[in-house]
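When the chains are written out, they are named A, B, C, D and E in that same order, and each has its own residue count from 1.
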Amino acid sequence: MEKILDKKRIDDWIAALDNWDIQGPVLEDDIWSYQPVSGAVRLDHPNTKQSPKGLAFPQREIFFKFEQIKGEAPRLTQVVPDEQRHAVFGVRPCDGRGVPRMDLVFNDHVEDNYYQARRKNVAYVGLACNKPPSANCFCLSVGGSPVSTDGLDVQMTDLGDRYFVKAITETGKGLMAAAGKLFAEPSAADQKQVKQVHAEAVAYPQRAVRNVEEVPAKLKASFKSPLWQELAQACIGCGICTFLCPTCHCFDINDEVQSKAPLKGIRVRTWDNCQFPDFTMHSSGHNPRENTGARLRQRVAHKFQYFPENFGMPQCTGCGRCISECPVGIDIINVVNKVAENAA
Amino acid sequence: MSEQQVYEPRIVAFLCKWCSSAGSDLAGVSRIQYPANATPITVPCTGAISPMYIMSAFNKGADGVLVSGCHIGDCHYIEGNYLARRKMKLIMELLEFIGVEPNRFRMSWVSAAEGAKFAKVVTDFVNDLKPLGPQDKLKKAEHT
Amino acid sequence: MPHNIYLPELARIAYIKDEVYGERAIKTFRVEPVDGELFEHACGQCAMLSIFGRGESMISIASSPLIREYKQFSIMRVGRVSSAFHDLAVGDVIGLRGPYGNSFPIDDWRGKNLYLIGGGCGLAPIWPVITTAVAQRANFKNITVFYGGRTSRDIMYRAELEKLRESIDVHLSIDKAEEGWDGYCGFVPAAVMDKDPVPDNAIAITCGPPIMIKFVIQNLNKLGFKDEQIYTTIENKMKCGLGKCGRCNVGKDYVCVKGPVYSWEELKSLPEEY
Amino acid sequence: MTKKRTGVFVCHCGTNIAATVDVAKVAKEMAGENTVAFTQEYVYMCSEPGQESVVQAIKDNKLDSVVVTCCSPNLHEKTFRDNAERAGINNFTCEIANIREQCSWVHNDKAKGTEKAIKISRSVVRRVNRNQALDAVAVNVTRRAMVIGGGIAGIQAALDIANAGIEVVLVEKQATIGGRMLQLSETFPTLDCSQCVLSPKMVEVKRHPKIKLMTYSDVQEVTGSVGNFRVKVHKRSTFVDPDKCKICDHCTVVCPVVVPNEYELNLTARRAIYIPYAQAIPASFTLDEDACLGLNPVVCGKCKDVCEAGAIDYDMRSQTVVEDVGAIVVATGFDLYDQANMQELGGGKIEDVLDGLQFERLCSASGATQGHVLRPSDHKEPKEVVFIQCVGSRDPAKHCAYCSKICCMYTAKHARLYKKHVPDGRAYVFYIDIRSGGKGYEEFVQRTMEDDDTLYLRGRVSKLYRHNGKVRVLGTDTLTGQNVEIDADMVVLALAMVPSKGTTEIAKVLKIGRDKDGFMAEAHPKLRPVESVTGGIYLAGAAQAPKDIPETVAQAGAAAAKVIALLSQATLNRSPLIAKVRRSHCTGCGMCVEACPFIAIRLEGGKAVVNEALCEGCGSCSATCLRAAIDVKNVTQLQIYEMIEACLAV
Amino acid sequence: MINIQDIRETARDMLTKGEVRAVIGYRRGSRGMLAEPTFITSAEQADELVWDPTCFHNLSLYLVHDRKFLAHIRKNAEAPVAIVAKGCDARSIVVLMQEHYFKREDVYIIGVSCEGTGVLDERKLAKHLNGAQASNVAFDGGDFVFTTAEGEKRLPAREVMADRCLECRIPFPREHNIVFGEDKTGRQLEAPFAALTRFEAQGTGARWDFWSHHFDRCIRCFACRSVCPMCYCDECVVDSITFPVTTETTAEDKANRIRWIERSAVRSENITYLMTRAMHLAGRCTDCGECERACPVNVPIRLLNNKMEREAREQFGFEPGASIGGPSLVASFLDRDPGDFIR
């Protein structure tokens, strides 16, 4: 389904999606983030600070509550995610491509109930990048594109005064059908313009990871390279790179206690990540990844070697967040290229 | 909470062992009545009160926190209360700064001879806290 | 929601035994279902044990799959959750989910000589192999157990090991000589060398402290054991047990799913991050 | 470690508690706590049967810890702890929850009182849950003491301690003991001769079998702590063997070197070889190394030649001696505020403006002028003398803020002494007000004031200057409001008492605190006035604050009593509730070291280390440490954290 | 004006002579014009060093890393490390030495004066450039000169400078072994604590609205802590989870660790974390502004630290990082400390 939507009518579209919680990019405190909106959506945003991964994989997820009276067995009560449907507007292609990658992880081997329960209720309404929004974008070199539709339910393309709106999935069709009257059929000129815009977007120069197909082998060969520590020397282990990444999915599970006697509390999942120094530390104090070099290597190798080995695609989608937001300038493109270049 | 029940602020009161705790004992011996809102925790010295205790009490839902110790110059450990005075001043400033009502944190000097003063300090504190209502700014949300 | 993969079943502690005292104390627990039945497992698999309010820990199931009434765990006191375990009493209820991970391909080892080499708490993961093999004694040729602790007081399952001597070879060792000790004195890898195990038609399984495993394998190699004849387990930190939380990740493997059992041949191909 | 088994014993205290607290409910709530294995109520827990039931319950239920919810711990903590010990468990695993003084007696509302009693009890149960079994820290004691400073304070303390049969090392910086008192002529309020009372004591010191006297010596370094100090003493060489010296005085006659005599406050001169006073103890000459022409027979050697006793030894070397002692008394005394600071009063440059001690020497029969009051410039008898009080004292803006306490008295004494020596003379006393607290003191001053020839003028002196061979004194009499101008023959300034140079030095060596004025700081201004903040170090005399002789002697006696009490124990038992460092958390930042009022922490190998003998368990370190790396045992941060939780549990 | 060649020369010289085992400085990174930390160990690398308005990092953090993590890979442990330090950075180094983290002789401070300006605030610049990218920036008196695709762009430094630099009182590294640039102490671009004073003028309610909004936004990445040289603790009290326990940590320690906060990034926990951190930095924070810069979601953390700094100064006459032997704020006191708040 391909349609044209007058830019002025986008709010009407949103208003028509009455059973949906609509999330759109909002500029607040100098940063762009996805927040609930009701009309007046602005889609002139660069990439948001945080990816939209939190909708299916929130930073904090309560698994269950537990209660126990002294001398009795504990009582567990599952906490089930609510059934609210969310439609996220303005998802950039790289973030869109993050979605199937998260799906792979959370469905591999066994299905993660909590992820699935939320994921099935999220629709991603994407916005193609007419021009890479950041100097650190590199989607093309990791198999993506500024006009990719991977992971999206709808793709919108900005044609100046109107959007070219394309349904990618059934969910997407449903979203468009909810306000069918607002949409117009695209003319031949529209079609031509979309092609033109897309072609220009793809042609726009980007930074690049070189020869991404060869990277897994090169990384594998560089496991012991001293370059890792050299490149990671400035890393402060803050994990910003992973918290903001659309595809990082590591987490922690902890019990939070509200009352000791009678015992009352919850078991919660929270985001965690491989850049935190104690992520892999055994209780004995032994840490398999004991320095920033090993941890940077893990992040990069996970994205560019292990994930491809398991799922046949790099996990990184080239959004460039980890580069732009790293407080000390650790630059994944640079790291991958350097290590690959130096590989035996 | 039934309708008639009035709001009763919950106070954690850190009392030093030598002066204020003894002062509160004197209030008891003298049978001076004061509100039951403050639960005392006796510590060796006000100097032993980490600012973390204050934060933690608020985090766990205290409506008010009281720190009470020996008058300056009377510290059993010579200078513990001097150190406390500085630390408590800082935490108090910080709490006010982020918009916590200044009346939620209180410090007083109550000597072992000041039973009546102890009762008054608690009474005043409770009276000052009542109009503020429950403290929910720093309180951990109930798990829902 | 379908079966919640993160929700533990409840199990009641039926039996507790102090194995080792001191700084790194070990206690053995047997748990029974509170209602219904517990899951089935295979040798080498583990389970996530919960103490509500304290958290979860991945622990090897130390009882043979042949035993259905209870599951046994031996837990060393090292931190938050494990300490809480050491505070439990018979009758207390814990949470349990699993089984997780792969297992020792014990069925493929029929007719072979088994060398089971453990150190410290590393006896727990191989204990089901030993007990299962002994229970199915006819399926295997020689079964030899090497097990060492730092001192005689660090030897776990002491009584059970003594009893095993009736049916198989059991060699116990301690690091330094002690009065009244008639077993081997020295480290486990040396104890193994001392007895000259023969690689022909044999499988060697070794679990214990990483440094011990390293030298045991070196020594086994020296004796002519091939990499595919040697098995071990790796115990990276785990939170979910389901291949998602990312903590146990080594190379392309999530150890909680692809491991913890590895032949040395497989393990060698993984990055050394365990 | 297995789970604690705590017993909670709820006392009714007759109706004292039970009337306003639902005791049954308290017991029931406590039974719901995870670690509580037993609860019981009783009408009087502290009664004989009550206590017995606690003991029984501990034994029967294999309890390992006890909470008694009753009255203030000040009343029965010891009772129940002893009780716990009787039942075979450690007394530090017993704690009191005060639900009487802090609850039932102060709240009428039973519901609220009960709720609070539950919170209090629960918090104590949580605390006990993590109480460690502790034993008192035993420290062996070296049964020897050291007194530093040989003024009247040091002498008195040394004698008192020695008389109790404890060996004392008395260390004095100067060549003789006696201190300032030896410089005084007569002393108020009785006007008896200073030397007459002091000399016998000095001799006693010298002769006492339990006193080891080390004069001309300095304390260099002190290590260790209460009960066991190790002190390094540097004994300077006097080049004269005191045992041989016959004090025949032949040497001074031949010595060609003349230097000012500091013992006579530079009013006279002495030789390079000298004896400070005739009554000096040790009774021996001393050769001043700095003044001597070279300790070399080739250069001079005259004294050695004339010494028949052969007491002079140019090769005598100074030595360092190590003394092990269990306690130390610091009695290092005072100096007078430097006249040079008093610019408006001549700044010490006017010859006939003297300080009080100089005046004492002028009056002293053994002094520079053999007891004749003569003014230094022309050795004439001064006919008009102005005494000025409060010089440098009570002047926070420019000088010392405090009152030197004794100047009112000694000025009155000086006026009297002056009149005794120069009956036709006239004395003027400028004062701000008179502070004469003390037995017989007010009467003493009144008598002086009543003397017609002594004029007390209330007011300050604004200026002093030399004028026609006299000293012109400009001041105001604030009572009459008139300006006063006196051309005096001599002026005596009652300068402020300040800590002696030796006091300042020794404070650094001992690392004990000083107050804002530089005097030694006492551990508690009211309750521990003779103890320093450091355990085992005591204070006596003017080193601690300005004081007169009776007060000095009293304090010296008190310090000695403390020392004797301390050293009469074979081992010291100290509370085990002291700080403990968690090494894994400590970064060695040293903030705890700085915060500790008892100097009980030091850094060693990049980590804080607590000296168990010094720590008082105040917890200042714990609250200061950013990383919670240091805790006081049984009052740990974790315990307080859990108590907070319990107080707020709904 | 600082000539970068002088700094390079110094570094080269010391490395050649083996007087230092490494120089921690700035180099041009791979992200456009931005500088990044560099650790050079050989004389040839000296030419990498740069000094420009993007050298905002407080490199003293790496002295902490050096002691904590890198000690075992040091080549020549005897020789000191040289470090390029601005005024605030040098004060951090002083605090670290005050807290015995290392000794004076372990560090060779190559001081750089901030002279007329300070360093850049990327966020302010982004607003000015309005989407355009700059490829280079240089100091030029009171201006920063940017190279962009559209040519050179000159902006008065004070418009794009970091807030803390505007308010900086001592833009000069007083503690140094060698120093480049002029001491422009007293150059007040804005009154110290100006922003703080403006903020405090609001009422309690408005202040709470502001802070609660920001506390909600924190994602607890702990970047603020990780980037802070003063947060060098082996285990942080508020959350030790993301800090590796040391090998000395016993089972007991782990079992008994206090959970002052939960791991969930919710308001109450975020507050406890950020307030505790502010308390812990009182008297230690030298206002290098790194925490606020590192924060991915722009929580105005600096304001909290600034508040503590001002209280320390005004109430207790305390200046962080003033001298190596000086007292620490919370472990000391004065008789005249204010006590009028006590009843």
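Simple rule for what comes next: a contact is a pair of C-beta atoms (placed from the backbone, for glycine too) under 8 Å apart; a residue touches a chain by one contact, two chains touch by 3 or more.
This one's a predicted model, so the numbers in the text were calculated from it and none came from an experiment.
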Per mean C-alpha coordinates, the chain lying farthest from chain D is A
Ranking chains by how close their C-alpha centroid sits to the total C-alpha centroid puts first chain E
By C-beta contact count, A-D versus B-E, the higher one is B-E
CA centroids of chain C and chain E: separation to the nearest Å works out as 48
Taking each chain's mean CA coordinate, chain B and chain C are separated, in whole Å, by 53
Between the Cα centroids of chain D and chain E the separation in whole angstrom comes to 46
The distance between the C-alpha centres of chain A and chain C, rounded to whole Å, is 39
Residue ranges of chain D touching at least 2 other chains are 595, 624, 628, 637, 641, 645, 650
Where chain B touches two or more other chains at once, the residues are 51-52, 56, 79, 83, 87, 140
Residues of chain C that touch at least two other chains are 78-79, 82-83
Counting only contacts in the complex, chain A reaches chain E at residues 29-31, 33, 49-50, 59-60, 135-136, 229, 233-234, 236-240, 243-244, 252, 254, 256-257, 268, 270-271, 276-278, 281, 283, 285, 287, 290-292, 323-325, 327-329, 331, 333-334
Listed in rising order, the residues of chain D that touch chain A in the complex are 31-34, 122, 126, 642, 645-646, 649-650
Residue positions on chain B within touch of chain D in the complex are 8, 10, 12, 22, 24-29, 31-36, 39-45, 47-53, 56-57, 60-62, 73-74, 76-80, 83-84, 87, 119
In the complex, chain D touches chain B at residues 72-74, 98, 100-103, 105-109, 112-113, 115-116, 119-120, 123, 513, 521, 523-526, 533, 577, 595, 597-598, 616-620, 622-624, 628, 632, 635, 637, 640-641, 643-645, 647-648, 650
Per the touch rule above, chain E residues touching chain A in the complex are 29-32, 34-39, 57, 61-62, 69, 73, 123, 127, 133, 214, 217, 219, 221-223, 226-227, 241-247, 249, 251, 254, 259, 262-266, 290, 293-294, 296-298
